[in-house]
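Letters are used for the chains, namely A, B and C, taken in the order the chains are written, and counting of residues starts over at 1 for each.
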Amino acid sequence: MSYESPTRINSPVRIRLRAFFIAPGAAVMGLFFFVPLLIVFAYSMLTRGPYGGVMPPWTAESYSRIFDSLYGEILWRSVWIASVSTAICLLLGFPLALYIARSGRHKFLLLNLVMLPFWTSFLIRTYAWMFLLRDTGLINSALEAVHLVRQPLPLLFNSGAVILGLVYGYLPFMVLPLYASLEKLDPALLDAAEDLGASPWVALHRVVLPLSKAGIVAGCLLVFIPCLGAYLTPDLMGGGKTVMVGNLVQNQFTTARDWPFGAAAALLLMALVVLVLWALGRRGEDLV
Amino acid sequence: MKRFLAVYASAAYLFLYLPLAVLGVFSFNDSKLAIWRGFTFNRYTRVFHDSALLEAATNSLIIAVAATVISTVIGTLAGYALWKKRLPLLTNSLYLSLLTPEIVTGISLLAFFEWIFRYLRVQLGMHTVILAHISFSLAYVVIVILARLRTFDPALEEAGLDLGATEWQVFRRITIPLLLPGILAAALLCFTVSFDDYVITSLVAGVNSETLPMVIYAMARRGVSPEVNALSVMITGVLGVFILLAGRLEQSSSRPRRHT
Amino acid sequence: MGFSSVLPALALCFQEVNTVLELRALTKRYLTHPAVNGISLSIDRGEFFALVGPSGCGKTTTLRLIGGFEEPTSGGIFLDGRSVAGSRPYQRDVSTVFQNYALFPHLTVAQNVAFGLERRKHLTKPEIRTKVEQALALVQLSGKEGRRPDQISGGERQRAALARSLVLEPKVLLLDEPLSALDPKLRKQMRTELKSLQRRVGIAFLFITHDQEEALSLSDRMAVMNRGALEQVGTARELYQQPRSRFVAEFLGGVNWVNGAGVRPEAVRLSRQQPGNGAHSLTATVQSSTFLGNCFHVETRLANGVCCTAEIAQNGCELAPGDSVHVWWNPSDELRIADQD
């Protein structure tokens, strides 16, 4: 049962109370989210300082550098990896979400079991895959032990490993909205489809998929965007060889000490995120 | 089809848990390599003797607790206010902050602090980390609180007003007690998110405030890490318990049990 | 339309000492439509007043305006002669029993009942405890003090909600469809309990419902509301037997409209032969006869095509479809409608 928020009356006491409640949250958002972004924007228009940091003059040089071939390649790789990861998540996550949605009493338990790994530690889970995949890792050691290979397989430090890491990391984010969508699906619809002569696959295609569109879109959004801006996974699983936008930005702000360039790259990433969000017509409240 | 789904689901769950399980098993391995040599608690004891590790763990704990307390309070108040009166600007900002890539949040906060430090004689340290954690965990708290409020009957507050309580008294005596499971769930979530953060923390931590994720990252990067497995198992265990608790609280008695 | 112009004038002339609650041209307008459209009403001390109407007619909104949960667009609400405009619910000496009782789930029954009393600083703990016990005894809930709302039955929850409001001794008790959440048998039982409770405490009850039977049986006076306006105010008898509009007539019971006059089914007499007392009768054919347990529900079709329904007592003559009957009634049973619209 869900309720509408009651009608409010605006008496002075209540307005003061409301302001008191909202103020800290709004201050945090304003001060620690918007202002920093503004500063990043400002920095992207400045020149790099001698020891890192920024200094005048104002220039749009960073942005013009952005569109040279190197950054373009990184951007394209990021989009490609994010897209592939999202697609794989969708393929893997849909049957799982369908299973959970139809599992009756155990729904919550099964759902929690999916979400549980996600909430423990992203870093640790990424490290777990490193433990499995690296040259001295479990898989290679096992394969060598049974003499299936003579040299360790390069399972880690490539794009494939990054995609695997991302899929593993964000699969629960695909499953959750899919589940929410599929759970609302009236099982009677599928019975009706069967009654009218449709095979399970046809029913899936003509009934389930169209009706779970909202969940699919939400899931893709919740996976694509973090993947686009991923830093940790390409860094650890890609070994610094698979550079995505996130790595570039981090690099510019630490090692390379070219803050304006890093700022421009970060803003471009942010712009891409906002674009994707806007393109799919999503507003904040729809996600919950 | 049901059978296929069930088999598939089992495989999927295996995929999700296998790496962690492997990590767990090998944390008891008496060898640095990934070949089983013998059972030992060695690594666990080593963790507790590593002073750098313990210091990092303490830092992480302090930061997480501070950020959780502050974030939960601010987030609960904000969520409640948003439930009463919709403010699309604030809600959308919160959700945007949730979806913003961590690297962007991290460098923006780094730039922000660096700019502020031109005027205040402060450095990057625990305090900047705590502020950073508050800023990105706020959205989580608000989401949980709003979700909980959606099942809250407004008539309960009206009844309180009707019986003579002011708005503030209603909030303290009726709303908060009934919201408590949700608030605790939000706090646990907040703690987990804060404890585990690497990207943002590494950018704003400065020199002297290493956190546990930063240590783990360094160890993972280096590849040689007898203690990381044990550490990972412990952290996963504790956080896992927290999350299960949070989940329990979120679903607990949000609906009154119907009595005939 | 008549009431909204007459009553305010009357109110200005007379100062009713007996009036505990007065609404003057009360209006609540939302963006698209007026939910409450200029209603004026007086409720006397100690009276059981029912406000009845179809869903969406504005009765709940009226209650919320009186309770202080919404502010009127215009018009006034006067409690004991003093305006309550702008005051918050906790400043008004009225109490509301909500439709789903709104008992605080985290408090026991006793704590629920004590809630309002605890807000009153001048009462000591023992005093509060005594009052709580008295209130629970009044609604026959003694012994359930320590239970939580989810541990008691629906009927008990309703009584707890009543106790919680009554213990504060408000000037008016507002009840928002309190019986609608109960099953029919329990509803009937609670009806009598509610009526006797009101008699005992002597507080004015403003009871809203969409069930006309409840309104008719419980009220001292009642009003029928439709689309934000009051159609008629009076005693149950007055409204039932002398409805001033078609809407009121049809809302409170079945009506047969025959040749411009209305007659209630229970007043319609049927006989095979011409009635001997000289009453004007019409010929009709029986369409159907349904046994409802305590009466027969007979549908007939008059010569001019109009359908006429009669409710005949059990021991009436056995009628079958196709039978020819004479339909007649006592002229004094006719409903004369003032304005037909």
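Criterion: contacts are C-beta pairs under 8 Å (C-beta built on N, C-alpha and C of every residue); 3 or more make two chains touch, one makes a residue touch a chain.
Note that the coordinates shown come from a computational prediction; the quantities given were computed from them, not determined experimentally.
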At the largest C-alpha centroid distance from subunit B we find chain C
Which one chain sits nearest the middle, judging by mean Cα positions? B
Just give me the whole-number Å value for how far the CA centre of subunit A lies from that of subunit C. 57
Need the CA-centroid distance for the pair subunit B / subunit C, whole Å please. 54
Subunit A to subunit B: how many Å between their CA centres? 17
Quick check: what residues of subunit C touch more than one other chain, meaning two or more? 69, 88
In subunit B, residues with contacts to at least two other chains: 153, 158, 166
Residue ranges of subunit A touching at least 2 other chains are 6
Which residues of subunit A touch subunit B in the complex? 1-6, 8, 13-14, 17-18, 20-22, 24-26, 28-29, 32-37, 39-40, 43, 53, 92, 95-96, 98-100, 102, 108, 110, 112-117, 119-132, 134, 136-138, 140-142, 145, 168, 171-172, 200, 222, 225-226, 228-232, 236, 246, 249-250, 253-254, 259, 262-263, 266, 269-270, 273-274, 277, 283-285, 287-288
Subunit C-touching residues of subunit B, taken from the complex the two chains share: 153, 155-156, 158-166, 169, 173-174, 177-178, 253, 256-260
The subunit C residues in contact with subunit B across the complex are 67-69, 88-90, 95-96, 98-100, 102-106, 115-116, 119-120, 149-154, 164-165, 168
Residue numbers on subunit B that touch subunit A, as the complex places them: 1-2, 4-6, 8-9, 12-13, 15-17, 19-20, 22-23, 26, 33-35, 73-75, 77-78, 80-88, 90-97, 99-112, 114-115, 131-132, 134-135, 138, 142-143, 146-147, 150-154, 157-158, 166-168, 189, 192, 195-196, 198-199, 203, 213, 216-217, 220-221, 223, 228-229, 232, 235-236, 239-240, 243-244, 247, 251, 255
